[in-house]
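The first chain written gets the first letter, and so on, giving A, B, C and D; residue counts start at 1 in each chain.
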């Protein structure tokens, strides 16, 4: 129960430290005969990889994925798919100077408290590098969902206090195109420009800034998600909160919904003769934990990255006051690279719940 | 994988519909030799039960808990603890009129979409009545945590747009006393008064209103929580999002943290010669998914209850436009009764992660 | 992880002690819209219940099953099915005299070693009474399997050294009819007669005797079972070994197969133009852990019941030499009542693996 | 739920096909600070590797293990340990000729029936090569158990009808020394000689033969194992039955116990003033599913290897009668190499149940 596995039927287990030989993931439960597009998996990893623009960390990793098992003649075999991503740029010595001090708002102290010692090279297992394995697995989940027409899209909806307007009703390829036109991955060009300027300034200050990512899921059929504990939004929430630096999650009306009255919040059903749909969507596409066929949407809040270029007071492993030097490579703002992580985790939840729904009824 | 089980080592499975003979819970994994105070369990249930004040639903249920197994001579035996809560006031006929129509923002339609039919009596399994079983199990989790000195406290921090000031640094018994002095369960008496007035007005309008509950956990030792997917706050988030009507979760700095800079958000470590502590607590007591020994805190957003006393347009199971009548019994605002549900779910997460931490290290 | 749950998708959790108010089971994951025949469930329980013939224990229990949830208008709803079986004849005082002594080959000592104390009334949780809950759940699994045409049959194939001839190739209803014609539940009337005489003698001696149960599963389609750890026969083996008093499990050629050559053991494939079948069936219907469409068969060995009517030397909880008195009620031979337990556990495994197979392939 | 994961707290997930680039395993849940002796892991793999003697398959694999994560400065870190074993001798073309025919008593047909196609190179995932990953993981489990003094030993107790005498009461290192003195891995030298002669003859015939392995576990403290479904022997049984070619499992008195009377089978407790022990050990060290402090023992039956050097009639994927040619490399008898697999699986069960027992009681 050490918590490196996610999902029930579409189940992934990740492994690897930021400065060991490799990180990777095993996917157990991918149905057989899924066409696996390796170029797509790599293109997803490329969106997360470090060094992709001036507003991300300058650490260099090609993040090239290798398939070890589970794919034969271009298709999943139904047996475990093992994917390996070798670590290339692991300058462990960059971290020697901080070996015994607890970096503020990192996991150094808590790992020591838990395990009695830790792999101190660059965060070890607590490094966000682990999320590359999730992105690789999430890419396969996306391929599975695409077979059912389900599509997932996320973009940066806020950097610091700069908020993007609500997404217009475009299709996923249009949204993707708009998003990839700028390095901050915000669909709205004007907001993107402001965000990039903000991050440029933050970087020059040797500081970091938080942000938000909004995600939507299109064409999810009604009936996905389990009632009670494994509600679809509860699984999505856990998935998002398991991403490094995430401090908040809301879906549908979210925190604003807590200020509303039932008479304005209720989503009234209408029908065009076929399946019911709702006029408003404060429910965020989920009612009673189960998808209702409307667009699913949620927002994730990221705290600022803890590694900054300032010297900071702290405590060392011996319990003495100490100072940590501001050096190394880091992201001034994590959200542009995290967009694809949010999508990957959403895809993993949806793929899992989709498979779980296959046994809802007899026959 | 039908999702009625929560937890890995301290594991609960709930069952029962709102209008069947009973609801209940099995706790599998409670360590042996825990002193079980049945009066405490009942007192927790009393805080959730309907009809306890004028601002809650007038449905009458004594919610008397019965022990079926797992407790012998006042102690847990290590075998499954089964707790039963008979349903008393199940006027199923109250729901006959709505049998074939989909109540807006309820789970009627999604259950039908998932299962092909449903137990339509009062929400069946999707009814918040299910949470009584969680409260009973959570009470036992609290008893287990108390043996380690860990205490959990929640109160109503917002009703609609009325927000309570931040909690003062009182101990848990002082906070509990303040909270139970008013029917809305907000620690601040002045805010509580405003909240009650607000709810009174809402009730007279036949309407409902959302709100927020804030929770804190004291004396959690450092080292609790698993890295990667089962981060302590990810498990807390899932637990909270699994409660009916919850639309958002944030911990520590939460959504506000996404607007901050790293230099202001980082929690600087200090020490008095013993264990490290932090000056600020934007981390909410959790770093890298693992408790750091500071107070854990989080906030949960509840949407307004969907049952209102207004007639509403909707669609029926045959796909025809229909109208739903505004009658029945309901809560104008769910948060006063939900305080103990939030505490129960937090206790279940902590008890589970506490047991999981027993195998962190050899020896 | 306290081990009171069985199955992954068709998942049961049992609870209850032999001398508490009730035992019971929650089934989570039964697909919706299964027709639930309560009379069938009760008739299965009747085959396990004590006091049904002179060769079983004379303890009297009607074992009447109550439905608490998950069934609505005669069908499963997809939510947890909770079944309760009240304990009627719990003469706890029968056990007072043995409260502090460890009964030989019972679980008294090991429960104390594990938990530090135990519910000593009649074996508590270690009592075979717990298997009534399995039979109730297994009956529902059988109903699910029957929808797919899968049928399960077990009978007593040995009492002590008296072995029945191999089963003739009859259909399940014929086998059932033959089996229920005698109180020992052996299909072969001549062997049954010998077995009953043997048990009668054993009972008069105040002693007990072991035996074997053989089980077959008809019409299981090819492709059921997971490779590697959750092989179909591995799950069946675990299921059987979890039944009280079971000391051995073999399938197909079993222990005898270990003495054979590959050239005689290999099951040669033939075909009549449709699906492949094999001439012999040393594989017991399972190859590589996956059903091959042939009849599945296995045998289970039960040790003699530990409760005998002789005084025995033993040790008490204080570590002193002690004596245990031979009194109380017991089964001279457990296999006649265990036939339906074997079937129930087999049905639970098959139902679980059948549901798991629903996600083998895309589409 | 695709079944490539084993264990609850000490949890392994294996991956890889016999003819892909590598096989491997992730261990999630190994406690931190365990000293990891890589030479020991390799020496265990060497006992399983092909080509080690004239009575094993002549396929050449060095089975060199690589550590990808989870070990730092010689100790487990508490995070996932990933071990990789590259495949070296994968002459896939050896299998081209059998690509479309179903080898008798292999998993070719059942994989096709389950997944619609398969990786046909050398058995793919159904190959016993997968067990190398188990041996590597089992070696780490053994290191964990050794810290508690628990030791595991298995040897070949039968080849065909040649049975070894019962093990004399030697300590584990004496037994190991005796066992490794001959290539068939039977402790008794005279029997070993007969067994080797038998296998030599079988090999010359191009045939194969079954056998049995007996295993004992010393110094397991009382109290390990969970009652009801996860009984210690049920977990051991499942573990053994999940090994390729295993058709039977018995513990303690086993199948012979089913012929005994209670008065002879009951293990009478005695005491020397300290903990109780039993005079006989028909219980095999386990009572009510929980270890009682006595030696644990069990026996596993292996069918003969299905690959033989004879031509055999069969059916192909098109449903036509076909013939399979007797060529390739294979083991004439699998048990000498399987001894260490049995030990590994036993170690994984014990390590898992040992960790599970850490939360039996409060405090």
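Throughout what follows, contacts are C-beta pairs under 8 Å (C-beta built on N, C-alpha and C of every residue); 3 or more make two chains touch, one makes a residue touch a chain.
For clarity, every value in this text was computed on a predicted model and none was experimentally measured.
Trainee: Work out which chains are contact partners of both chain C and chain D.
Mentor: A, B
Trainee: Between copies chain B and chain C, are the contact residues mostly the same numbers or mostly different, with half as the line?
Mentor: same
Trainee: Report the inter-chain centroid distance for chain B and chain C in whole angstrom, where each centroid is the mean of the CA atoms.
Mentor: Using C-alpha averages as centres, the distance is 39 Å.
Trainee: I'd like the Å distance between the centres of chain B and chain D, where a centre is the mean of that chain's Cα atoms.
Mentor: Their C-alpha centroids are separated by 46 Å.
Trainee: Mind pulling the residue numbers of chain D that touch at least two other chains?
Mentor: In chain D, 1-5, 8-9, 14, 29, 32-33, 78-79, 114-116, 125, 227, 360-361 touch at least two other chains.
Trainee: Spell out the part of chain A that touches chain C in their complex, as residue ranges.
Mentor: Result: residues 1, 9, 29, 31-34, 78-79, 144, 147, 227, 355, 358-363 of chain A touch chain C.
Trainee: What does chain C use to touch chain B in their complex?
Mentor: That would be residues 1-5, 8-9, 11, 13-17, 20-24, 26, 28-29, 32-33, 66, 68-70, 72, 75, 77-82, 84, 114-119, 124-125 of chain C.
Trainee: Could you please specify the touching residues of chain C with respect to chain D in the complex?
Mentor: Of all residues in chain C, those touching chain D are 1-6, 8-9, 14, 102, 104-107, 109-111, 113-116, 125-126, 130, 158, 160-161, 202, 205, 207-212, 222-231, 233-235, 237-242, 244, 247-255, 257-263, 265-271, 273-276, 278, 282-284, 286-293, 301-308, 310, 312-315, 319-321, 356-357, 360-361.
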